[in-house]
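See the structures that follow.
One chain, subunit A, links the two complexes that follow: it is found with subunit B in the first and with subunit C in the second.
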Partner chain A sequence: MTDLTGGVTDITRVHDEYIALTRRKRVYGGILLILFVALMAAGFRTADSRNAGSFAEGWTHVFDYPAEVLAEALEKSAQLPGHLLHFLPALVETLNIAAAATLAGTLAGTVLALLSTRGLAYWPRLIPLFRRIADICRAVPEIVIALVLIFVLGGGPVPAMIAIAIHTAGALGKLFSEVSENASLKPVEGLESVGANWAQRMYLGVIPQVGPNFVSYALLRFEINIRASAILGFVGAGGIGYELRNAMSWGQGRYDEAAAIFLLLFSAIVVVDQVSDRLRERLTHGAKAGATA
Partner chain B sequence: MLRIDKLTKRFGANTAVDAATLEVDKPCMIGIIGRSGAGKSTLLRMINRLSDASAGRILFEGRDITRLRGSEKRAWQAQCAMIFQQFNLVPRMDVVSNVLHGTLNRRSTLATMFNLYPTGDIHRAIDILDRLGIAEHAAKRAEALSGGQQQRVAIARALMQDPTIILADEPIASLDPMNAQVVMQSLRRIHEEDGRTVIANLHTLDTARRYCDRVVGMRDGRIVFDGLPEQLTTGVAREIYGADASFSEAATSTEIGTLDAAQDAIYQAEATV
Partner chain C sequence: MSTFATNLSADALKVQADRLFARKRLMNFGLPALVLTYLVYVFLAFDVPGLAARANWENGRTLVSDSYSYKTHVARDNRSGEVSVAIEGERKGRYPDATGPDWVSFGEITVIDLENGHVVRFGPETVEYDIPGYGTLRATPTRTQGVITDLPPGAVPDWINMSKNRVAVTTDAGRLTVTRNRAEVFRYFSGWELFWFTLDSPYHGQSPAELLRRAANGEADAIWHDFWNNAMWRHKDVAWAIGETILMAFLGTFGAAMLALPLAFLAARNFNPVAPFRFAVRRVFDFVRGVDALIWTVVLARAFGPGPLTGALAILVTDSGTFGKIFSEALENVDAKQIEGVQSTGANAAQRHRFGVIPQITPVLLSQMLYFLESNTRSATIIGAITGGGIGLLLTQAIITQKDWEEVAYYIALIVVMVMLMDWLSGWLRARLIKGGSDKPRKSSGAVKARPALLP
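Here is the complex of A and B:
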């Protein structure tokens, strides 16, 4: 140990420096907090002033609509099982749109991701191009693409499927590319040394490393796509969204049907969530192994 | 003071700890040795209540620790500090903040989330770091420190809890011999100067012999040896580790001195046995 006097001055210096550092951090934190609160308040006021009604007066009526739906559904609760059965085919159509779109989008997203990842890309110079393509796919709202396609191709599930697939390709392209960046390049180099071409290197060297992550993100995307495909039904893409729009319009006395559709959608999403949760767990941690001491 | 009574932990069909019974009546430094998988870690984790016991009791000053729930359980964990093999610090936070985590049980959640610790606590944290010889690293991120330094930060966090018992789960298994010595000496000093009980899982016999007042040997979840370091002969060690005659202590040693004295020491030890 060093001599006592030297040690004492030294430790007081450490004390003072650290306290000064803490004060500085607290000041920064305080400023950030004030900024955050100010932005929230300002943003809220802008939104509120541009609204048709006022939030302060309107928010008490938030539960009016659900209450009305529930009241009517309870009144005609005897017809609920019949409605559930009646709308089941529409739900299957919605799930079909979501599944097909997720599959197509995942494949396109994988290719986009591999082409826009540093170290893996086939044309390294074109990485920015493929990144921008993914950005555009992500930036255009699904509903816009769907509306354009419905105008061109006519109403039905195919325009919805294409619209969701394009959005999925953009979103997964970005996520997959981030995952692939963390993949080790050593197996890829190993495959290159035996004379494998680019597709072989990607499929046999990279995909096995990133597979579980890809599947996990694709499953999450499937859940999101179910919701998206239900929404697209509102603009004429078929499926359960179309039925919901017809049932939930005000003053038609069909709220019992709306309640049945909500119930179907909710249970479909819960089931998919549970199943994909199990799948993801299995993929990331492997099949249930014996506990270790 | 601390009494462990037929403590058992089962994972499915496996029994990790099998009716372990142990009594500590005054503050001392205990080393637990045994093969990996012998249940040493599980035993310590049950004492800290990181995992629940399947059967049996842990009594501390007459209170049943295994029954505590919620805030009472967390208060016990604050009183019974734990040190891990891989340090378990928050890597992106600075060293003093990591040490201040030792006071989390006493402070309100909101204050700790905004990093508002009393100045007195900050001074105490730096003083503890100074006692362990790493005060000059106070403002650095924990991840920027070497393994030995990080383990001393973990010890500082434990001391900040002002605990009665310090549990150390393989505290030196990830360290080089030089740092291992510093960490073990720190633990010994904490026991001698503050009178705290230290219970450490150790993977080398010579460490247990050199630093501990009492050695406990575990094999397949059972406590098979409990005695003074002097009673820990090569024969007993073979029994604990389930090794045959080819077992030699020098082969597993991490002491620097062993490098020179290894052969002589072995011959002498065998001769005395």
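Here is the complex of A and C:
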């Protein structure tokens, strides 16, 4: 601004520096990209060599199994409704495991979240402790707890439910705590000034603010938990996963049953996904109808 | 939330308010009641009352005590009279013939000192157990009459279990079992024995300082070899298994992202004007996502066999549906002005996408990918248990054998550490790669806060 004669050289200098900067960025980006591609390729080769069958041979056969199952199911399509009805209780059990675990996990997660949120915690000094508890609950895969509990409690839905609930409590505890950090503290202070205890402050002051978000996350978790509960059934916790493993181990001749189970599981997941999607949309963006009474 | 029209009379308002309160009351009492009813139903449907009968607390006890302690078996074959000492009774933990820890002395009579006055003697014919405060128990296994047991006078205490062919004594110091063919003593120790070196290694039982000294003298390779190939704990296999699990998550997540990104353009309203085509791509995403990792794993395992590749592909397929959905939503939210700006400089279509679109969606893309990387480490453990690869397989194998609970505890600890490390790594990368995205949003000011939109 002051020295107008220096402007031209200044601009060329800025231009050169900008070009150099861009070039450097591109070089770094390129190196990162090459590194990433190399990692992917090496990883793929390692995985391929440690696998029982190789990718090159296997990928042409990916649809063999579905085709076999479908062909057999079509052949015996008359029995399909019967199979669907037969396996419906197993599906209900899987859904029940997921729902009960989500409920229990949400309740535990709420408590865990409130205890580990700055400004809301009952024991502010113990916030790190409750955070670590949530982290550990979240880090343990469901299958670990489920397998250990199956050993002690015997097979059935309860070990799966407990396992999923623990994981849910950890995962939701973290998300809920992030949500409640953004809650306004004014209602809480108001309630405190009239002598409300901690539980009352949380229930009347915080929960109404964060409720819709909590429910939305819980619904999301329910979707995930259905999948988890199906998988846990596969390792022996009952429900549709267990039936699927049985039907599969029977092998050919029982593929119509496997097809019925695939169909049930698939449609259950899709339906729940769609319904929960709608509900969450309404919860987070507010109900459009009924906003004005 | 309701806004009231002001031209209503007081009565009408009151009626309206009453209705509102009634509804709120119904919600406040009805919802918990509903939840409670459901829980009662589940309680009965899951047969929780019958659970107490089915539960095996003995299993639970062994599991807990075994996970932090180990036992050394001293066993005598009653036919040949041979005495062998083995840790956990396993072949891999067996002491060489006629050697053992210092609390076992061999000879005509093998004396096993269980400490605190508990002493077991394997005589040529009779097994004797001195129990302080009780007396000496004698058990003589015979070929024809089973086990003849001679107890001190008095009632038989409940920690002695006797039958014709078998006697078992459980005390705080250990456990003695005598059958016709075998006499066996268990002594319990806390810790994970042979974790570093097995008995056949010359480095077993040496102090860390001594090991360091030897390592400095050029034995480092041998020491490492003995540790790495430890037959009991299989450190090499475990390390590979962890690597496989992380590899599955890595390949699956990033492969899915690479597959989903181009498809997401086809599913976004502002990049693909052909509605039926868009609709079709979206249904593909929904289908792939709905089929679920379990079914994909089952199907792919048929084609590729067990192993990490199958797991990686299962994650890849499932997540490409999820990523497709997230990415297409992110693409629909991009700002058109930026693209116009790039276009105004004379950029062609490829350059418009490269400089106008990609920079806008990169934060969402990256943060979602990193979230999924962490979550998929967990999924890879589970999928590994089904398809047979990685740490999940080792864990299920160890649980199925129902005796190596210390290994189960070790694997669980490893899995938790692995997942927490991946969580930390993904959080760190997110913070580094996405500027302004801090990890702890206390009243964050609406910056790009990418949340797990589907599966955290």
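By our rule, the second predicted complex is superposed on the first by the 253 of 293 C-alpha atoms of A that agree within 3 Å, B and C clash if a C-alpha of one lies under 4 Å from a C-alpha of the other, contacts with A are read in each partner's own complex, and residues count from 1 in each chain.
In the analysis below, a residue touches a chain if its C-beta (ideal position, glycine included) is under 8 Å from a C-beta of that chain, and two chains touch if they have at least 3 such contacts.
These numbers come from a predicted model, not from an experiment.
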Touching partner for A:55 - first (subunit B), second (subunit C), both, neither: second
Touched partner set for A:144, first subunit B, second subunit C, both or neither: second
First, second, both or neither for A:269, with subunit B first and subunit C second: second
Touching partner for A:235 - first (subunit B), second (subunit C), both, neither: second
Which of subunit B and subunit C A:161 touches, first, second, both or neither: second
Doubly contacted subunit A residues - partners subunit C and subunit B: 291-293
Sites on subunit A touched by subunit B in the complex: 7, 10-11, 14-15, 17-19, 21-22, 25-26, 29, 290-293
Parts of subunit B lying in touch with subunit A, wherever the complex brings them together: 11-12, 14, 16, 37-39, 41-42, 96, 114-116, 119, 122-123, 126-127, 130, 135-136, 138-139, 221
Subunit A residues touching subunit C - in the complex, by the definition given at the top: 36, 39-40, 43-44, 46-48, 50-55, 58-59, 61-62, 64-66, 93, 96, 99-100, 103, 118, 135-136, 138-144, 147-148, 151-154, 156-158, 161, 171, 175, 178, 181-182, 220, 224, 227, 230-231, 234-235, 241, 244, 248, 262, 265-266, 269-270, 273, 286, 291-293
Partner subunit A, residues of subunit C touching it in the complex: 1-4, 16, 35, 38-39, 42, 45-48, 51, 54-57, 59-60, 63, 240, 244, 247-248, 250-251, 254-255, 286, 289-295, 298-300, 302-310, 312, 378, 381-382, 385-386, 388-389, 392, 395-396, 399, 402, 408, 412, 415-416, 419-420, 423, 441-444, 454-456
